[in-house]
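Next up: the structures, one after another.
Common to both upcoming complexes is subunit A, partnered first by subunit B, then by subunit C.
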Partner chain A sequence: MKEAIGLSEATILDERKRQVHRTGQGELDLACNTDSLAGAVSQRACVFCGSRVVLYPIADALHLVHGPIGCAVYTWDIRGALSSGPELHRLSFSTDLKEKDVIFGGEKKLEAALNELIDRHQPKAAFVYSTCIVGLIGDDLEAVCRRVGEAKGIPVLPVQSEGFKGNKREGYKAACNAMWKLVGTAPIDDIPPLSVNILGDFNLAGEIWMVREYFQRMGVNVVANVTGDGRVHDIRRSHGAKLNLVQCSGATMDLAKMMKDEYGIPFIRVSYLGIEDMADSLYQVADFFQDQDPTIVERTAELVRSELSQLMPKLAELRKDLEGKRVAIYVGGAFKAFSLLKAFRHLGMQVVLVGSQTGTKEDYEELERITDPGTIIVDDANPLELSAFIKEKGVDLFVGGVKERPIAYKLGLGFCDHNHERKIALAGFEGMYNFAKEVHLSATSPVWRFVPRREQTPLEVTHG
Partner chain B sequence: MLLRHTPTEIADRSALTINPAKTCQPIGAMYAALGVHGCLPHSHGSQGCCAYHRSTLTRHYKEPISAGTSSFTEGASVFGGQANLLQAINNIFTVYEPEVIAVHTTCLSETIGDDLPQITDKARKQGSIPDGKDVIYANTPSYVGSHVTGFANMVKGMAQVAAPTGVKNGKVNVIPGWVEPADMEEIKRLAALAGVEIILFPDTSGVLNGPMSGHYHMYPEGGVTMDELRSTGDSIGTLALGEWCSADAARYLDSTHKVPCRVLDMPFGLQATDRFVDALRTLAGRSVPDEITNERGQLVDMISDMHQYFYQKKVALVGDPDQLIAMTEFLVSLDMWPVHVVTGTPGKKFEERIRELTADLPYEVNVKAGSESDMFLLHQWIKNGSVDLIMGNTYCKYIARDEDIPYVRWGFPILDRVGHQYFPTVGYKGGLRLLEKILNVLLDRTDRDAPEQSFELVL
Partner chain C sequence: MAESYVSTTNACKLCTPLGAALAFKGVQGAVPFLHGSQGCATYMRRYVISHFREPVDIASSALGEKHAVYGGGPNLKQGILNVMKKYSPALVGVASTCLTETIGDDVPMLLAEFRREFSDLNPPELVHVSTPSYMGTHTDGWRNTVLSLTRQLCTETSQANETVNVFPTLCSCEDLRIFKAMFREYGLTPVILPDYSDTLDGPALAEYEPIPAGGTPIAAIKAMSGATASLDLGRCLPKDTAGADLETRFGVDNLRLGMPMGLRESDAMHHALSRISGKDMPKHIVQQRGRLVDALVDGHKYVSGARAVVYGEEDLVAGLASFLTEVGIDVVLAATGSEKCGLDSAVREVTEDLGRVETEVRMGVDFHEIAERAGQLKPDLLVGHSKGYRYAREWNIPLVRVGFPVHDRFGAQRIATLGYTGAQQMFDRIVNAVLDKRQADSPVGYGYQ
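Up next, the complex of A and B:
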């Protein structure tokens, strides 16, 4: 049996050393957005995965995966991207390519599948996802989509998401390219002047509904959700919004940039996680619109005040138990880590490790700037590294995704899923309380008292 | 009604799978490989495949699942993945120090045509595989068969390690098929009770149902060892449990190393367990020990105590061929009626077996395997002929909820409940647990739906 204790710098692959940094120790020169090394037990996924997670919450569109069965199965309703209406996005459709399709091509099958599905479900648009094998056998997705789209009178959009083209970031780009074809195809005359698009929120556990409610109270209209609880028609007229709010740095930034270039719609980067970031995001929107509505800033301030007056006493209560506990963060996009860092400060907790799958150089520079000295910053980590760092730092709570959860539990730590498997809304002020509550429930669970590694009194003594 | 889109009328489909009742080969190979001690599964393809398989297995077992990936890029998919795999083997042995790497392919590397034996050979010649360490492999094209095929292919890859010494080891190879770690433990317990020394492969017990120690072990205690696998060629016989999961490996050992094999059904339920125990008894050359006889008696006892609740209850089943065959037989023996049986895994013989097992029942069973055999079809069948019980993996929950039908989770994957890691459903004891689960949902339903005056304390 091999244990991960004492994994030293020496056993981190040489090539990996440039993906680990300690705040305050030397120049930050993190190699990131590189391809994972062959053989690495990487926590990363592929292009297809990136496209799928961005587009799938569009609930009245058809999502057809063109490839062997697995790609459709593994992305079947795995994220709680809630819809207030249609739920076509929660079904799994696959052309289920077989050996003979790989040899003779899968275009005919794709066309037949699209025709059948569009006839049955009458979707507002269809997204057709390309997979590794499709890229290899050279099916002309564009042509099939164009043909079917013309025949059926709806946009049928190819998503060029062949898995091998890179990591999730490439997939985000492919998703944005597909959505881009929708933007600007519906009238915008009735869109009021105070209007925004929400980009990069996927309505996990209903989060986008909470954020929309804040905007409603401020008097700001939301034109399109991109993509949580998303609708095709909204995206088609999203170019009528006056401002784009971009959360989740990787996923939808490309779309925001395209909309800026083509329609001159400015964008701001926002985050709805944590008190400062939520409030700051609302204030940024208020500032943007204050020329048109001078009272908006005061309305926003009142909203924030009222929310905080309810939230802060409840947080203080939880903070008592959490003060001083140590946290490791490993998330998909680095932008989320910024918000989490601040959120944990409110709880009196100390972040000692922060990592991401897809952070950029700028992201890591920002992390270096806002973390305490000695904090480990890591790009694209593997379980052995995470395990070793966690023990070294005496971590009490791990924030990560599906693959990290059991590692945390095996090590005897609390865990908070801040990824797509979260079941509780963590956005907004209410979400900050939910977050604190979730952290509290896990970090203070009595079960950690029974973890052999962390037991204060050894078993023999208590039984002696 | 999440499945409100499902039309009752069944139309022919040829190009489309909706809500699949299978997944692709590599995940089966990965699960099998985790049943080898000190093994790091390796996915020779894009990063996504590996991430998806690990996530699914993690959700099913609530355990950390490690596996490497060749991290294919555009270059690899044009020029072949040899360089990636060579680098991967080298990196894995350097950093993660497994005893063995189990490489499986993906649709991508299969279509490119990467030659695993040749690349592995090259890695060995380059000195990337340390002395005493191994690389095993299986071809698992995602566009052929299903996850079951991938499992079987990797198990065959294990059998191909066999290196007979010419001296018999007195042991019996038992190939359990795709069952849970708890089931593998139960099979070992039954064999030990029967007095048969076995080599069980794969064996995920102790790997995917391990204790919490406060430490992360990349390679937990369990798993069949490479030495044991090498020794399978010296065994006195092989019992393969399940035609789809296990027979290929057993037949390989039979034809290549003259280790005689028998292919049995997976030991779910009374009769299939009887046959398994009988096979063990024959191999041991002694009578069945009292302990096993008692367990059998307990199972028959529970069936007799509760048989009125099983009578003519209609069941819809979905899952994998070997499991469904044994379960169909068990249900029929309970006087229940499996009326709809679906597997996404192809196999003509499957449909024949299910028809044979249900031949004496007063209806024609709906059974379909392979293309377009999916949850969508099962749902349509249920809409056309309702059932009292659904048994299958977690994806059945959509149908069970929309149609308001009692439902027992059984199979792979189970993403929303626990227990399968720890409590077996094979053997007589496993039969008891299956009955408990079936009865619970049926009787809960009776209680829920009973008007107050007939809501009874004693059932």
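Up next, the complex of A and C:
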């Protein structure tokens, strides 16, 4: 074991040593929310990515990427964010800047592209994403957007998402700033008193529909989805909601804070992943509205009871095969990791590694509090570190995204995709079952018996 | 088609640095390194991983705002040092991005400084390529990288050796293996650049390899000046290529021919190998060819007159147009996102005197334009990468997946297109796609066809 720890340590670049911690071993003083280290092969993307993931699911808006083709093409229809209506978000629009645009400026092209695309698609709003190059050549995005917006009569919103201006978190902020310009621009007279906005759910595989159904059963109305299955008009009147529910660590928190400051709308942090967090989120909402609707708490309790009575026996069945298996978690936002930790406890599985791309100091303190001693906590990890940690901890199953999957598979571990590209709904009580089932299907596959890390015994050959 | 679009919708191309990263992945012991912001490397990793289903590490200088103002040199150097510490690479392939090209970082100078400053650390080979995303496509990035590798690594005259340099365009890992087998048949030793047949399609492992085994050995690239000949593959090549460069500098005979897709292009390839080796086509290749022709005859009526739209990289499209026309499919539209790449004359070369229809060629187009034109042409079949799926679905016609990326099917790295065996597999897939559609559409549901 000592040797394995030594090997892991050797994999960590000196500059990154402060971004790795082991629960219970010394004071937690994790360096985080810093720029990624050059040459470290971070799993993080950029500011543009942060903005793009947050705004992407707004289905009736035009999403125009102002820059060379790469930024648009790598983000074309890659997420499982579903829409119940228009699907404009699934197309990839770019100004496709060329060398002469870089020299002479891209404003004219941007304006022409906006006019062309707005005429063609008649969107309810347009988001114009700035990329690295635009930040350098100094195009006046604000002015172009204002001009086109006035001419076309729709909001045309610049998103200041130049890739190099920080990490993904900056991108979340830029996205919130863009959405903020929509909030408060439509009438709210018909919004009922028991009403919320859902922030930070992206309707992957239809998850927001599941959550909305719970609220419907509780008698709570949803004004705006921010942004899963999102609509421009809903966001414009989202200031009419009485409460904001904020999921996902960083993505939409800035918007919730702005709405609190400007409109006095309180927010609570919620999570729809896992049993406790899902139930707790519903109870928090019920508690908030109980003065106005004294029966809401009872209705909510009934909902949770009925869902759990169906779920728990099914989970117990799966747990039998999973008990004691060791799990590694590496995700984008740390908040998701909290919920996953609890979810794995229900399956009897032991989390031995947990990390995130964009966790904050508070996030990591919370992780240290809820993880078992010796658990590796890591910020902004890279493939070499992750592979060494996997080896050291004897991990059986990895939870992560596209970039982590081949590392796990190469070494012969089970894998659960918990990224924005997944097609399986993992939220809510039903999602907890889907999650458990996916983990079970992977972890119990016979293929692990044939991978090199397991000893192979050839089938016996008998003499006939 | 007089309308001229300003914007691009659903591009039919990728950006230049992606081509560079893929090409560098095919060099033994190499780590691709993008000099730019962190996002470029991560996005491309995700894109490439989703196709090959393998770990794809691409380092980045992870530039931030202050570097955009003061220059990215310090981060580039620190980044290379960090890659050296953790990957012990034999080569770091530095590709620029739009960010670093625009702020004016002089990468060759920075690398020269690096070699001087850290000479005591015995730095790896450092190869640089200029790949601003606002110029060209991933195909240009690929070619410029291959050219940079030969230019910067092969600088001295080597002893004459028996090898043959091969410069393919983007193809699958299986295709690279087909190349090797083809050469073996003639007793020739190819040096294929790049060769990611192992690095992007490796075995399951007990120990993680920081840099996957395989790739073109650096020593072999350095010895390219002594090769018997070079094969510069592709009908849409620019004047400056690795093969042309080696011919100019070292007098290595450079043969230009199309990627060996379909019967005639494969014949040309075998003819060249036969000429270089002085050996006749081996018997079992004659058999392979014979079986292919036999299959073309057996299957011709299923596909004859089917209308196909092909799209993707220019040389892939030229190769597909050639092959599809051979089997009696009417290629009604051949499209690529690359501009002014010579696809029009390449398609003419391979289809005239053979095709029943004149193939319309469109260059510099996106899927919006392809779809608009194809909507009028009413194709029965799409042939190209995954990103055409939404149109195949809309028109309820089959998409035969070839090229990069294949993000919605399994086994992209094993799709064979080259040589007689590749043509055979492609033909089987196309015929079966047509039969599958016919069967699904039929009210009878015949169990034999």
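Please note the rule applied: the second predicted complex is superposed on the first by the 446 of 464 C-alpha atoms of A that agree within 3 Å, B and C clash if a C-alpha of one lies under 4 Å from a C-alpha of the other, contacts with A are read in each partner's own complex, and residues count from 1 in each chain.
Operating definition for what follows: a residue touches a chain if its C-beta (ideal position, glycine included) is under 8 Å from a C-beta of that chain, and two chains touch if they have at least 3 such contacts.
Fair warning: this is a prediction, and the values are worked out from it, not measured in the lab.
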{"item": "Clash or fit (per the criteria above) of subunit B with subunit C on subunit A", "value": "clash"}
{"item": "Partner chain in contact with A:L88 - subunit B first, subunit C second, else both or neither", "value": "first"}
{"item": "Partner chain in contact with A:F164 - subunit B first, subunit C second, else both or neither", "value": "both"}
{"item": "Touched partner set for A:Y74, first subunit B, second subunit C, both or neither", "value": "both"}
{"item": "Touched partner set for A:Q290, first subunit B, second subunit C, both or neither", "value": "neither"}
{"item": "First, second, both or neither for A:T185, with subunit B first and subunit C second", "value": "neither"}
{"item": "Footprint overlap on subunit A, where subunit B in one structure and subunit C in the other make contact", "value": "11, 13, 35-49, 67-76, 78, 90-99, 101-102, 109, 112-113, 116-117, 132-133, 135-137, 163-167, 383-384, 387, 402-403, 405-407, 409-412, 451-453"}
{"item": "For the subunit B and subunit A complex, residues of the former touching the latter", "value": "2-3, 5, 7, 13-20, 22-24, 26-27, 38, 40, 42, 45-56, 58-59, 61-74, 76-77, 83-85, 87-92, 94-97, 106-108, 111-112, 141-144, 146, 212-221, 344, 371, 395"}
{"item": "In the complex with subunit A, residue positions of subunit C that touch it", "value": "5-11, 13-15, 17-18, 33, 36-47, 49-50, 53-65, 67-68, 75-76, 78-83, 85-87, 97-99, 102-103, 132-135, 137, 202, 204-208, 210, 387, 390"}
{"item": "Contact set on subunit A toward subunit B in their complex", "value": "1-5, 11-13, 35-49, 67-76, 78, 87-88, 90-99, 101-102, 108-110, 112-113, 116-117, 120-121, 131-133, 135-137, 163-167, 383-384, 387, 402-403, 405-407, 409-412, 451-454"}
{"item": "Residues of subunit A touching subunit C in the complex", "value": "11, 13, 15, 35-49, 64, 67-78, 90-99, 101-102, 109, 112-113, 116-117, 132-133, 135-137, 163-167, 383-384, 387-388, 391, 402-403, 405-407, 409-412, 451-453"}
